[in-house]
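Chains here go by letter, A, B, C and D, matching the order in which they are written, and residues are numbered from 1 within each.
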Amino acid sequence: MRVGVLTGGGDCPGLNAVIRAVVRKGVKEFGDEFVGFRDGWKGPLEGLTMELGVDQVRGILPRGGTILGSSRTNPFAVEGGVEQIKANLASAGVDALVAIGGEDTLGVATKLHDLGVNVVGVPKTIDNDLSGTDFTFGFDTAVNIASEAIDRLHTTAESHHRVLVVEVMGRHAGWIALHSGIAGGANVVLIPERPFDIEQVCAFVEQRFESKYAVIMVVSEGAVPADGTGMTLVSGEKDAFGHVRLGGIGERLASEIEARTGKEARAVVLGHIQRGGTPTAFDRWLATRFGLQAIGAVHDGDFGTMMALRGTDIVRVPLAEGTKELKLVSPEEYAEAEVFFG
Amino acid sequence: MRVGVLTGGGDCPGLNAVIRAVVRKGVKEFGDEFVGFRDGWKGPLEGLTMELGVDQVRGILPRGGTILGSSRTNPFAVEGGVEQIKANLASAGVDALVAIGGEDTLGVATKLHDLGVNVVGVPKTIDNDLSGTDFTFGFDTAVNIASEAIDRLHTTAESHHRVLVVEVMGRHAGWIALHSGIAGGANVVLIPERPFDIEQVCAFVEQRFESKYAVIMVVSEGAVPADGTGMTLVSGEKDAFGHVRLGGIGERLASEIEARTGKEARAVVLGHIQRGGTPTAFDRWLATRFGLQAIGAVHDGDFGTMMALRGTDIVRVPLAEGTKELKLVSPEEYAEAEVFFG
Amino acid sequence: MRVGVLTGGGDCPGLNAVIRAVVRKGVKEFGDEFVGFRDGWKGPLEGLTMELGVDQVRGILPRGGTILGSSRTNPFAVEGGVEQIKANLASAGVDALVAIGGEDTLGVATKLHDLGVNVVGVPKTIDNDLSGTDFTFGFDTAVNIASEAIDRLHTTAESHHRVLVVEVMGRHAGWIALHSGIAGGANVVLIPERPFDIEQVCAFVEQRFESKYAVIMVVSEGAVPADGTGMTLVSGEKDAFGHVRLGGIGERLASEIEARTGKEARAVVLGHIQRGGTPTAFDRWLATRFGLQAIGAVHDGDFGTMMALRGTDIVRVPLAEGTKELKLVSPEEYAEAEVFFG
Amino acid sequence: MRVGVLTGGGDCPGLNAVIRAVVRKGVKEFGDEFVGFRDGWKGPLEGLTMELGVDQVRGILPRGGTILGSSRTNPFAVEGGVEQIKANLASAGVDALVAIGGEDTLGVATKLHDLGVNVVGVPKTIDNDLSGTDFTFGFDTAVNIASEAIDRLHTTAESHHRVLVVEVMGRHAGWIALHSGIAGGANVVLIPERPFDIEQVCAFVEQRFESKYAVIMVVSEGAVPADGTGMTLVSGEKDAFGHVRLGGIGERLASEIEARTGKEARAVVLGHIQRGGTPTAFDRWLATRFGLQAIGAVHDGDFGTMMALRGTDIVRVPLAEGTKELKLVSPEEYAEAEVFFG
C-alpha cells in the first residue's frame, strides 16, 4: 500500500516516534510505501509532500518536534478544501492516511473519513485531555519537566521565605498541574476546572507562613479566578501598543499575592520547554506502540478509528468517540490529591 | 487507628512516596497514629520500631531508598516467628499493618493475613513482573535510566564501529530490557523469557556490520544462552579464590562476541543505578496513589488486599491473586517490538 | 579551634558542599569544633546557632539550599550590630568565622575583619559577577539548566514559526545569558551590559522569519532597552492594586515583539529553578575545594581573605580586592559570541 | 581560505561544537570555504572528503559524536603516507588544516607541521590528561554522568549493606574518578597513578561496615593492584575461547572484595555512556571557544599551535609542548580529596 502520514497542531514529544513506528513496520511487515505530507492538513491541501522511508526516520526516535512539520490549517475552512485534498491524495497515489494530532486535527480526520477518505488517527495532546485513551504521549514528558522544576524550587523554599508560582501548560484541563503538583509535592494546585478564589489563596499563604514555610504553587495556564472573588483577568486589558496584555496567570498571580500579602512572590513560567525536546521513555514507548497499531489498522481496513491506551493495551476506538469530549480532572481526582495541599 | 508500616526487599524508587502518602492521609483524614517498623519483616519480628509521623515524611517524596530501611528477613523461616510478630504488633498497639514489598514480602503478608493479622499490601518491584497490576512503581525510573544510557551510546555507535552491550536489571522478566530497548532504539534485545542462541546473535552482528553500522544490544541480567547453542554460563566456574565467577552476562556477552566475530565489543553494566535515586514523576504519582489507597483499605477493613493499577484507577485485589504468578513478556509482546530489531 | 560558619544572600547550588568540606576537613585534620550560625549575619547578630558537625553535614553534598538558612540581614544597618556580633562570637567561644556569600555578605565580612574579627570569605553568586575569581559555584548549574531549556525549545522552533524568549538570571551581568546562549545555540542574547534597541531586535526577527526560521532569544532579567529606542520599562507603572507591575523583561519582550511584528512570541521564565536543586559536578568540586581552602586559611591565620579559582588552583585573595568591582561581560567577550547570533 | 577539518581518536562530547564554531566563524568573518575530511587522518590519507558548510553544521551543537567520523589511522605507519596526505590536501585545494583529537591525532599533526603542512590543533580527551590546558572538553560531561550515577547509588547504600563499585574511564589518569568521587561523595577512589593494595581496600571495607554503612568505591578503568599485594590482573588469563579475559577492573574488584570480606559487592560499569551523548554547557562553551580560536589561528598563520584553556582565556601553545607529557593526578591533589574518603 501507499500510505500518507501527517502531523498537526502543537508540538509534542513523541511525534517522531509515531512516524518512525508507522514507517518501520509498514516497510518491514507489509512492504508499504510512504508519502510524508508537510505541515499538517496544509500538506494534503496544497500537495506539499516529502520523501518518507526508512532512511528519513533513522535517528528520529529521541528527537522532539516532527520531521513532517505541523500547522493548524483547517481544510474545512477553505473553499473546496475537501476536493483539493481528495485530488492531492489521488495524485500522490495514496491509499490511506495516518493523521497524528489533537482535537482539531482528528476532528478534520473524522469528517474526511465520513466523506470517504481512508484515514486512521493517532491522538496527540500534551494536556492529556482526550477522553478516549488512558494517556496521550507527550504528557509524561511535560509532567517530568514540571516536576523537576518543582524539585529545584523546594531547596529555595527551604532556605528563603517565598511564594513560588509555577505556571504549567493546560488550557482547559489541569492534568499537568495535578500530576506534577503531586509528584513535586506542591502546596497548592490551581486548575482550570476549579476557578480559584484569590482571597482563599492569600489566606492560605498567610496561614502557611505562620509556621515559617514557603509556598510552592502550581497553576495551569488556563486557571482562572472565580467570578466575584476580587481578581479578574480583564480580557480587554491592553498594553501601550493596543495589544491585549499577554502576561500569563503565573506572573499575575505572583504579583497579586505579593500585593495582597506583602510576601515576596516569584513566578516560573515553563512554557514551551514542556513540549519540546526529547520524550521520556514512557512517551516513546506509547508513541511507538500507537504507530505500530495505526499501520496495523490501515492494513486491517479499520478506517475511522483512533488508537488508544487502555491499561497496557493499545486498542482502536471510533475517531468520533475518542474526540467527542474533553477529559477533565474530576472533583474526586482533585480531592484525592488535596490531602497533600497545605 | 494505630497503623504499622514496613518496607521489604530490594531498593526501589518510590518507596518513600508510598510511606509519605500513607502517613499524610492517615493523619489528616483519619487522625491515625503510625509506627514505623525497621528493615522489613525484621522490624515486627524483633520489635524494631521508629517514630513515623508527618515530620518524618517531610521532604522524602523525591528521595530514593526507604526511610524505614529494608531486609529480606522471612519470619516463617524463624522458629516461633509468627508468634513474635503477633506479640510485637500487640505490644506496639498496632491495629493494622501496611506492608510494601515484592513477591517475598507480600508472600509473608499473605500468610500472616491468613493467620489473622490485619495487613494490606503495596506491590513493589522495579522488574514490573507482578501479575496483579498494570505497572509497579520504580519500573518507569529504571526504564528511563536505561533509555538515557542507550541514547548516549548511539552517538558513539554512529562514530565508531563497535558492539555495545547494555546489561539492565530483570532476573526473571525482560520488561526493563524490552521497554528501554524500544525507547532507546536498540538493535537487539535479549530477555530471560527467550534463551538466546549465541551463533544467531553473532551472525546478526556480522550481517549488520556489512552495512557499516554499529550494534547496540540490551540484555537482561537474567538472560541465558539456550542449551546446546555453544555458550554456557558454567555455574560451577570458579575464580582464584574458589568463588563462583560473578562476571555478569553483559561482560560475558561482550567478551564472547568479540572472540567470535573479531569486532570490538564493550559492556555497560547499569546495575544499582537503575534502582537508586529519585523516582520519575510517573513513579511518584503511582507510589503516592498506592499509598493513599492502602490507608483507605485499612480503614475499610479491606485486609488481605494488594493495591493495583488498572488503567488509571487504583484498585484492590486479593494479595494471593496479585502475587500468584510472575508476569512475563509474552511472545506476542516481544514480536511487536521485533520489527525494530536489526 | 572553634569555628563559626554562616551563609548569606540568595540561594545557590553548592552552599552545602562548602559547609561540608569546611567541617569534614576541620574535624579530620585539625580536630576543630564548629558552630553553625543561622540565617546569614542574623545568626551572629542575634546569637542564633545550630549544632554543626560531621553528622549534620552527612548527605548534604548533593542538596541545594543551605542547611544553615540564609538572610540579607546587614549588621551595620543595626544600631550596635557590630558589638552584638562580637559579643555573640565571644559567648559562643568562636575563634574564627567562615562567611559564605555574595557581594553584600562579603562586604560585611570585609568590614568586620577591619574591626578585628577573624573572618575568611567564600564567594557565592550564581551570576558569576565577582571579579576576584575565574568562576563562582552555582553558575555552572544555572547555565546548564538554562541550556537544557534552550535545547528543548529548538525542536519547537523547528516545527513552528515562533519567537521564544527565555528569561534567565543576571541582574547586572549577562554571564548566564551569554554562556547558555552560546551553549544552547540561541539566535539573540540580550544582556544588561548592552541596552538593546527594540527596533533592531524586531528588525532581526522579521529578517530571520524571511528565511523561515524561528527565533530563540535569551535575555538576562536585568537587560534593559536603550534610552530613546521606543520601549520603556516604566518604573512607576502600576497595576490594579496600586503595586508596581512586576512582569519580567521576558514576558514584556514577548508581548512587545508580538505587538510590533505580528509574529507569535512566547516567554519562558526560568526564575528560581536556576538557583535551586542539586549542583552540577563542577559546582560541587569548586564549592568543595573552596571549603577545603577556607578552613586551611583559618588555620594559617590568613584572615581577611577570600577563596578564588585561578585556572585549576584555589588561591586566597584579599576580601576587599575580590569584591571591589563587578565582573561584567566585556564588549570583546560579547563580540566573540556574536558570530553565532542571527 | 580553503580550510580542511578532521576529527580523530575516540568519541568525545563537544567534537561537533568545535566543528560548528570553526565553520560558522570562518564563513561569517573570513569568507572561508571548508572541506570535511572523513574518519580522522584516514580522510586526508585516502582523499575521503565531505561537504562542510553552514548547512552541514546546523543543529549539531548539542549532538555527541562527530559528523566527520573518526578513526585511529596513523599516516606515519603507512608507506608514503605523508606524501599522499600532501597530495590530497593539494588536490582538495586546502590551504590549512584544523585537526581535532587527542595525543595520537595531535602527535601526527605535530609531525606534519614539521614537514611543512599548515595545521592547527584542538585538543580532545575526555580523560583530561593533556598537560597544555586546564581542561579539555568532554571531561565535564563524563564527570557529570559519573557523579549522577554515584548520587543514585547513595540511596541504595543507605537502605542496604553493600559494596558498590563504579568503574569510570581513565586509562592512565584518574581525573574522572577523582572529580566524580569528590562530586559524588564516594568513600574510596582508586586511580591508575596509585596502585592499590587489595588488603587495605578490604580492611577499609570491613572497618566501615562496623559502623553499619555501605561503601561506594569509584575506580578508574586503568587502576591496578600494586605488585605483591595479593591481587593480580593476570595478563595471560584466557577464557573458553582462548581469548584473554576482558572483565574490567570494576567487576574484578567487586568479585574480589566479596570473596575476601563476605560482603555483597556489585559493580556498575559506565563505559561508553560517559563519552556519548549531548555535552554539558561547560563542554559546549569550551569546545566552541576552542573552535573560534582555532580558525583565528589559521588566519593569523599561527600554525603548529594547539588551543588551550588557561583560566577563562583560550590561548595558543605549541603543539609539541601541549602534548609532550600526560597530566596525571599529583599526590597533593589526591591527598586534598582524601579527607573525604572513609
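Simple rule for what comes next: a residue touches a chain if its C-beta (ideal position, glycine included) is under 8 Å from a C-beta of that chain, and two chains touch if they have at least 3 such contacts.
Chain-to-protein mapping (UniProt): A, B, C, D = Pyrophosphate--fructose 6-phosphate 1-phosphotransferase.
Note that this is a predicted model, so its numbers are computed, not measured.
K.L.:
Could you name all chains that are in contact with chain C and with chain D at the same time?
P.N.:
none
K.L.:
What is the chain whose Cα centre is as far as it gets from that of chain B?
P.N.:
Most remote chain from chain B, centroid-wise, comes out as C.
K.L.:
Quick one: chain A and chain B, Cα centre-to-centre, how many Å?
P.N.:
30
K.L.:
Using mean C-alpha positions as chain centres, tell me how far chain B is from chain D in Å, no decimals.
P.N.:
Those two chain centres are 34 Å apart.
K.L.:
Compute the distance, rounded to whole Å, between the mean C-alpha positions of chain A and chain D.
P.N.:
40
K.L.:
Could you say which residues in chain D touch two or more other chains, in rising order?
P.N.:
As it turns out, chain D has residues touching two or more other chains at 151, 154.
K.L.:
Is the chain-to-chain touch network here best called a line, a ring, a star, complete, or other?
P.N.:
ring
K.L.:
Give the pairs of chains that touch; include all such pairs.
P.N.:
Result of the pairwise touch check is A-B, A-C, B-D, C-D.
K.L.:
What does chain A use to touch chain B in their complex?
P.N.:
Interface residues on chain A, with respect to chain B: 21, 24-25, 28-29, 59, 61-62, 134-135, 140, 143-144, 146-147, 151, 154, 179-180, 182-185, 278, 280-282, 284-285, 288-289, 292, 310-312, 336, 339-340.
K.L.:
Quick one: which bits of chain D touch chain B in the complex? Just the residue numbers, please.
P.N.:
10-11, 63-66, 69-70, 145, 148-149, 151-160, 162, 164, 239, 241-243, 245-248, 250-251, 254-256, 258-260, 266-273, 275-277
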